[in-house]
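Two complexes, one shared chain (chain A), two partners (chain B, chain C).
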Partner chain A sequence: MTDLADAHKKPLVQLLFSIADDKLVLGHRNADWTGLGPILEEDIAFSALAQDDIAHAGAIYGLIADITGGDADHLAYGRTANTYRCCDLVELNDEFDWAVAVVRQFFCDHFEHLRLRRLSRSNWTKLRQLASRMLAEENLAIGHADQWIVRLAKSTSEARGRIQHAVTKLAPLTPSLFEPTEGMADLEAAGVYPPLEAPMFDAWESMIANVIDETGLRAEFRAPAKDYVGGRHGKHSADFAAMLSEMTEVYREEPAAQW
Partner chain B sequence: MVAAKPTVDSIRAILGTVIDPEMPIDIVNLGLVHDVRVVSGDDGARAEIDLIPTFIGCPALDMIRDDVRKRVTKAPGVVEVAVRFLNDPPWSIERITPAGREALREFGVTTPERGGAPRPTPLTIAGNIAAPVGVGERPACPFCGSAKTRMESAFGPTRCKMIFYCDACKNSFEHLKPI
Partner chain C sequence: MGLSKVRDNIPYYSDDLSTPAEGDLRTYEVFVQTERGKPHTYCGSVDAADDEMALMFAREHFGRDQECVQVWVAPRDAVIRTDYDKDLVFRLTDQSYRFAKGYNVGMKWREFREQRDYDEYKKEDLREHF
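Moving on to the complex of A and B:
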């Protein structure tokens, strides 16, 4: 369909914010590795991932602006903290532990793949076209983190220990990915955000298990509890406040700046 | 004297002079031009140009848009230029013309075989971890023609390229991603 029904606008904007905010925040975190990657190829890889994340976020903010008015830069940088819809996992400060950055990328890549796969079947044409384009780009990168998880887990005991530590640290944050945004059930029923054949968490867990099982790493994942309230409803981690302040510093200084 | 009237063909010819800042070929041969329309008005023609980006995150898009505007605005009879970037149809390496592929190769950038893209989704299926994009590809070296090439990094200097290495002539070169 060409036009979005009025009743779906509000819940769709919430869903789109959760995607764009995840990508913007993850892209900001990944950009921290520019110049600091453990090897040159990974320096470039994380910079490229950040570039895609932030560009994709920009395109989604543009789509939100089409629905609500306003402009993409303001939507990205000019909102108050409790209106962001990103989740705890992307907000985490990796404190320059590259194992943490790789494991976070691994968890997020597979989740993002599933989310975009659903959006690429949306009955709203504009969303379907944008998501299909993004999915094709994401698919070029999805093997990257998988390969590092396997490679490091099968490497020296130090490398394996660091990956295991990161998996153990980040697994408890993964339910935050799956918290539904306000009104998501309506979007699913209406075909704007069509469900997968399996529940989202089950589909994600089986993709993750394909890689984890190969390595013998220990990991336990849970879907969010029914009463879980987190980033998708504006309740953010302590790491987020510090990051948001840093990320929006230039914008707050000069909102009309062009560069 | 009759004023020159811009046509779709004359606008396309101008677009053929716009060079992608990150690729040594023009945007027509690169396959970025989707549609060109010329709408006549009372005081002159409006040129509407629909382009498609190689990648959403390509930082060259603004430069390309500005260059298109600047050049087409100078065409006799054109009073307005509208440039849009579309998400659909998606760009793919299939859109690069044979002449464009040859020009890229001469410059040292190889392109996956036609018909090779789009690649199937590289996902972990039935317990097998799929190889990342680029692994197993053996493009002929653009410098010496050898097939003894291999991927060095799936992430290259721009969003659309990977880094490959030729074991025969010991040169590295860029290979476009199979999107």
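Moving on to the complex of A and C:
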């Protein structure tokens, strides 16, 4: 399908905002680690992967701009807080706790993989092609996150304790990933955002378990409540406002500036 | 060899690969290949906890600021090497005849090219006249 039906534009834009906003916010959070990574090599790797997230966000904002008109920079930095569609988990301030940053990345990357896998089967050609390219890169990010989880869990008792603590702390935030954006059911039915064989939560939990089980870490996840209303509908965590203000500071100085 | 200018600036070792890795990390030597079929070029080292992590670090560190098709890593202590002080590598007696240089082929090349140009010219000349 070369052209997107008009009826699908509005819900697809909501879905695309949820992906781009997740990636932009997570990329921004992770970029805070530049210069502070646990070792030099990881500092470089983590910063490079943060750039992947921001590059992916940029590509999706570009696609949204193709649908709605407008400009990717404005879509990324010029919106009001309640129009962002990112979730609580990516907004979480890690307070420079490396275990928290790693676990946040681990939970989010696996979710992102599933979302991109679905989009890479979309019947809208343009979206399918973009998602397929991003999926290949997302798998590198997953490899990175999995390695750190396993490494730290199998390391000293201090490292293991910290990673377990972060898993326990962040698990209750994971349902926020799964909150559907407005009109998602229509996109699923129409094949624009085809469902997986299993429900998203089950697929995600099994990917997470594949890694966690190997380490003996304890983790319990709850499926998202049906009536949950959060970031995907513009209701953001307490950490978000401060982060958004900082992230958009330069853009707001001179929104018309050419970069 | 095919590396970007930045990556061409490979580290200079004043000692024999002796930089110790911190903690329980191991040092790995990194090689990248910019095109299939071309040689892998040494480009530096990373410290990592295990092989898999070394490959990930090498890919993120050396494999992203230029186009490349493959990255190799090898534990530094797997590189068997000669000792600067103890091992003789280059011979002490005069064996300059073994140097891959000193063959004065410049003159011969010039003659060859001149002859070739002359033959070409002659061929065309003949074609034009007959």
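Just so we're on the same page, the second predicted complex is superposed on the first by the 257 of 259 C-alpha atoms of A that agree within 3 Å, B and C clash if a C-alpha of one lies under 4 Å from a C-alpha of the other, contacts with A are read in each partner's own complex, and residues count from 1 in each chain.
In this section, contacts are C-beta pairs under 8 Å (C-beta built on N, C-alpha and C of every residue); 3 or more make two chains touch, one makes a residue touch a chain.
Not measured: the values here are computed from a predicted model.
If you put the two complexes together on chain A, you find that chain B and chain C bump into each other. More residues of chain A lie in contact with B than with the other chain of the pair chain B and chain C. Contacts of A:N139 after superposition: chain B is touched, whereas chain C is not reached. By the touch criterion defined above, A:H236 reaches neither chain B nor chain C.
Judged by the touch definition given at the top, the superposed model places A:M207 against chain B, while chain C stays out of reach. In the superposition on chain A, A:R162 makes contact with neither chain B nor chain C. Once chain A of one complex is fitted onto chain A of the other, the partner contacts of A:R104 are absent, as it touches neither chain B nor chain C. In the superposed model, A:R151 lies in contact with chain C only, and not with chain B. Shared-chain residue A:R115: touches no atom of chain B or chain C. Once the two complexes are overlaid on chain A, the chain A residues touched by chain B in the first and by chain C in the second are 41, 44-45, 48-49, 140, 143-144, 147. Here chain A touches chain C in the complex through residues 39-42, 44-45, 48-49, 140, 143-144, 147, 151, going by the rule given at the top. Listing the residues of chain A that touch chain B in their complex gives 41, 44-45, 47-49, 51-52, 54-56, 59, 113, 129-130, 132-134, 136-137, 139-144, 146-147, 150, 207, 210-211, 213-214. Only residues 55-59, 87-88, 90, 118-119, 121-125, 127-133, 152-157, 159, 177, 179 of chain B touch chain A when the two sit together in their complex. Residue ranges on chain C touching chain A, taken from their complex, read 22, 25, 46-50, 52-53, 56-57, 59-61, 64.
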